[in-house]
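Consider the two complexes below, in which subunit A is the common component and subunit B and subunit C are the respective partners.
So, the complex of A and B:
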């Protein structure tokens, strides 16, 4: 009755994500030039030039190196923010839905407040405030930009995942086995740990994949606006740089776009597949 | 019963507006440097003190907020401070807001005009090839960030083919076609993701509706499929669709930062960006407050509209 587990697009999605994570972790050990090495003789060369598979942009930076290096920041930021935001969001969401009452109203209302401001507006405003220097001409160091970026994007992610956690917990905490556990005198903490979290987690992981896509796009948008990590260090940064001379050097633009799009399509697809499997699991009950 | 529902809903939404604007004003207070120093980088201490008084920063967090709020409801959104002088935020918004609203309306009309037929059709043909093709194509398109679509459009249609202008906004007075020419690319890049999202929502609800007894009843009466789909099934299936559309209306005003920047449309989203990069925190606070108000208004509108579209939701809500 059961058909094969995954379809071909799903294997592609997993494959691409695996590759991206591999590059993010081991990219700097690969025998490829650093992304900031300038290849003066090859400026503007198109893709498939010998030694420069993806071509060279008009500053002389090799795009292949850029993609490999950019994977590190893009993936790192996405994983850290979704991890942090997911942890905080689900902690708030699960406890709110489990204990209900005033605490729940406050948490739910705060989620609504944060969600009422468009993602990018919120992230931009937070980045701006957190990265403010006394002297406007003083450059903000990269590590501080990175930390700011992560904090801001985490704030964006918290209500997205927190709401899912809350909704799922509301559904589960009314179930018989939870009521039974409570009537047997199990402590709330243990009920949450043993009965709620394992059931809520699959839904969270599925939405977590979607959230990774959201963060990658947000990071790229911020870079495009010039408030991300500078110097083409992430895929979004490469876009921002490639945008300046798209007329003579379109591949400096479309190669990072393809990398970004593939990644987001993959995370969305995996999230979707996981969610579909969950619905089926629920449907069998 | 229904009166209390609306009262509760309204108070919830008001709390959102207050919380958002208060949060913004707290952010201004939390700046590592005094805003007066940022706004007047070359001013004398006396000038800065005067500015601090004028903005109300000497009154503490609550005093500052109430002063800002009092001016905000009277339509005074504060000033943007240049080295040469000041400019009222409200006069900038008077230019930017109509642009953003037009952009939002075009985007929604285009997205809904394409998504509704697609959603109904793919629900009608659920599981068949047409449904699979539509769903998979839209899923892929929806995963592509809108700025990527925008940049590709600029590259292909604007730069290579030179069919459409890549920058700037033209008002109606410059001619309808001139106006639309500048809007096509921003609208298309914003719509693609929405088309996919809307089609998906409508398809899911429509599939559920088509399984209901009254649809089988209608079919057994011998009504045509077309009539059943549009007259009997579409309306009750469209509540989620329109709710989501209303939420997006708020997000499109002010949220289209990247698109408005790429195409130099200079709407509210661009003003947000300009306020941030120019470190105009008072302006930022007022603009974000305005965006939150739009979110709330559209939320209320959709609650009312949903009651008309599907009368069942009225009772369901008043019981909840």
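So, the complex of A and C:
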């Protein structure tokens, strides 16, 4: 097959995502200060200050180390959520569309119900309910907030990817090669595994990358609203801390915003490119 | 001769928003072991649905099937889904009409052939690959080992149909349904594929059901013929008997609509005027009545029964060819 050339934006998108993932995995080993080290002498320093390239926010936190360390939480939450939501959603969507009947109606209706609530409101409601103690003076441990956050965002992602999986399966399971596989005595399980999934996967991967963007934004929004990981070093958390200083210290806000924007644009672009590459249609001769 | 498959009084109904659609109406057909049976009829006459229903491949909540089908001494219609599935591939297999859609576009030819070998016959990877190469050479594909690595979109229609045939015969079925195997192919390739099917049938001692709308194909490649019209078998006979002693005006009309080399240039092809009757709301008389040149009042009023003309020749007509009234027309 003829190799298609990548364009410059594609290299940039792959490069940026690679960097973000690298930082997420190895960021803590880099010779960079922890994000909560307070640089009292440099409070509100602008970018390009010696030793603090990206500046320092009003708490005295170095923004460069915030970006490096923030990648970990943002990327981790996004990958886990989309992985989990994608697995559950596609399992539900594919089986529903393959077997049809009452099961399909129930699955499809629950997808629609979840989708009818705005993403952020749903996640907010779930976090608010799940990550609260009966005794409001008792602090909620960070791990529990993290788990709650992941569960809430997963619930948001399941119907998004599940619907894509269901739609693609509906189209593919009506095709003749599925009947052909049945006529050779293949089990439904094997037909789904060997014939449906390989055809549905390209669409799922493409939308999965879009979903990574959605989750990163949703996590940042939740942090901004104060229900993210408290004092967590995520990009959203940086936004939450910096928003009050917008007038006199705007870089504390726009640097994490640039990091977020680049990541989301990159995931969307990579999703598009991968869909084009993975799509092996009959027509392309 | 014993019957490999015998279909008795098969009905298939589809529930539609417009009412119940009877696609197959009381078909009875025996497929003798080792022989080739042609099922002929125009588009929409129920050939494909009849075969899929006989095999048990129709699924969906709106499908209703009645009648009995026995295969190799076992009653398929009273078996569970799993039991019937065990007969697929090793007992009966099917070749599909359109090789463009019957292969999975994202998987290599090799994996698609060896899949059924590994799942159904429990072969290991190495044995399955060796057998795949052997199967591809059976169906006369040049350089079969290289073919294993290709994707369906890299193949021509004829090659794809050969691959489909290789997959269908991979588990040595006793009965092979070929559902218009050459419709999507051009004429020169058609002849090769049909010859290949006939040769394979002889070599592998299979029975075969050949669905087609071309009586010429039937004449060359089958031992028995069943002509279907509007979901019914309207004429059924050994092939030589049918062509020697044709009874149904419909069969004659089908035969007349084949282009003939002796036709004058510029002469128009004969067509069967009109359309199939509405399958949801069938007329009470003969289904062919509005299109039949010999139609009488009786044909409008009464549904003709299946008449036995001897020599295994059955037909469904009040005034068959050779009848005195018909001749007057």
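The definition used in the following text is that the second predicted complex is superposed on the first by the 270 of 285 C-alpha atoms of A that agree within 3 Å, B and C clash if a C-alpha of one lies under 4 Å from a C-alpha of the other, contacts with A are read in each partner's own complex, and residues count from 1 in each chain.
Just so we're on the same page, a residue touches a chain if its C-beta (ideal position, glycine included) is under 8 Å from a C-beta of that chain, and two chains touch if they have at least 3 such contacts.
It should be emphasised that the depicted structure is a prediction, and the values quoted were computed from it without experimental measurement.
On the superposed subunit A, the two partners subunit B and subunit C both fit, without a clash. Applying the stated contact rule after C-alpha superposition, one finds that A:213 touches subunit B and leaves subunit C untouched. After overlaying the two complexes on the shared chain, residue contacts for A:80 are found with neither subunit B nor subunit C. In the superposition on chain A, contact of A:195 is made with subunit C only, not with subunit B.
In the superposition on chain A, A:180 makes contact with subunit C only, not with subunit B. Between the C-alpha centres of subunit B and subunit C, as viewed from that of subunit A after superposition on chain A, lies an angle of 90 degrees, to the nearest 10.
Using the contact criterion defined above for the overlaid structures, shared-chain residue A:101 touches subunit C, although it does not reach subunit B. Touched residues of subunit A, counted separately for subunit B and subunit C, are more numerous for B.
Of all Cα pairs linking subunit B with subunit C in the superposition, the shortest spans 8 Å.
Common to the subunit B-facing and subunit C-facing surfaces of subunit A is no residue whatsoever. Note for the complex: subunit A touches subunit B at residues 109-110, 112-113, 116-121, 124-129, 132-134, 136, 213, 217, 220-221, 224-227, 239, 243, 246-247, 250, 253-254, 257, 260-261, 264-265, 268-269, 272. For subunit A in complex with subunit C, the touching residues are 100-101, 175-177, 179-187, 190, 194-195, 198-199, 280-285.
On the subunit B side of its complex with subunit A, the touching residues are 12, 15-16, 19-20, 23-24, 27-28, 30-33, 37-38, 41, 139-140, 142-145, 147-148, 151-152, 154-155, 159, 250-251, 254-255, 257-258, 261-262, 269, 272-273, 276-277, 279, 281, 284, 288, 291-292, 295-296. Across the complex, subunit C meets subunit A through its residues 52, 55, 57, 61, 85-90, 93-94, 96-98, 100-107, 111, 115-116, 119-120, 151-154, 164, 167-168, 170-171.
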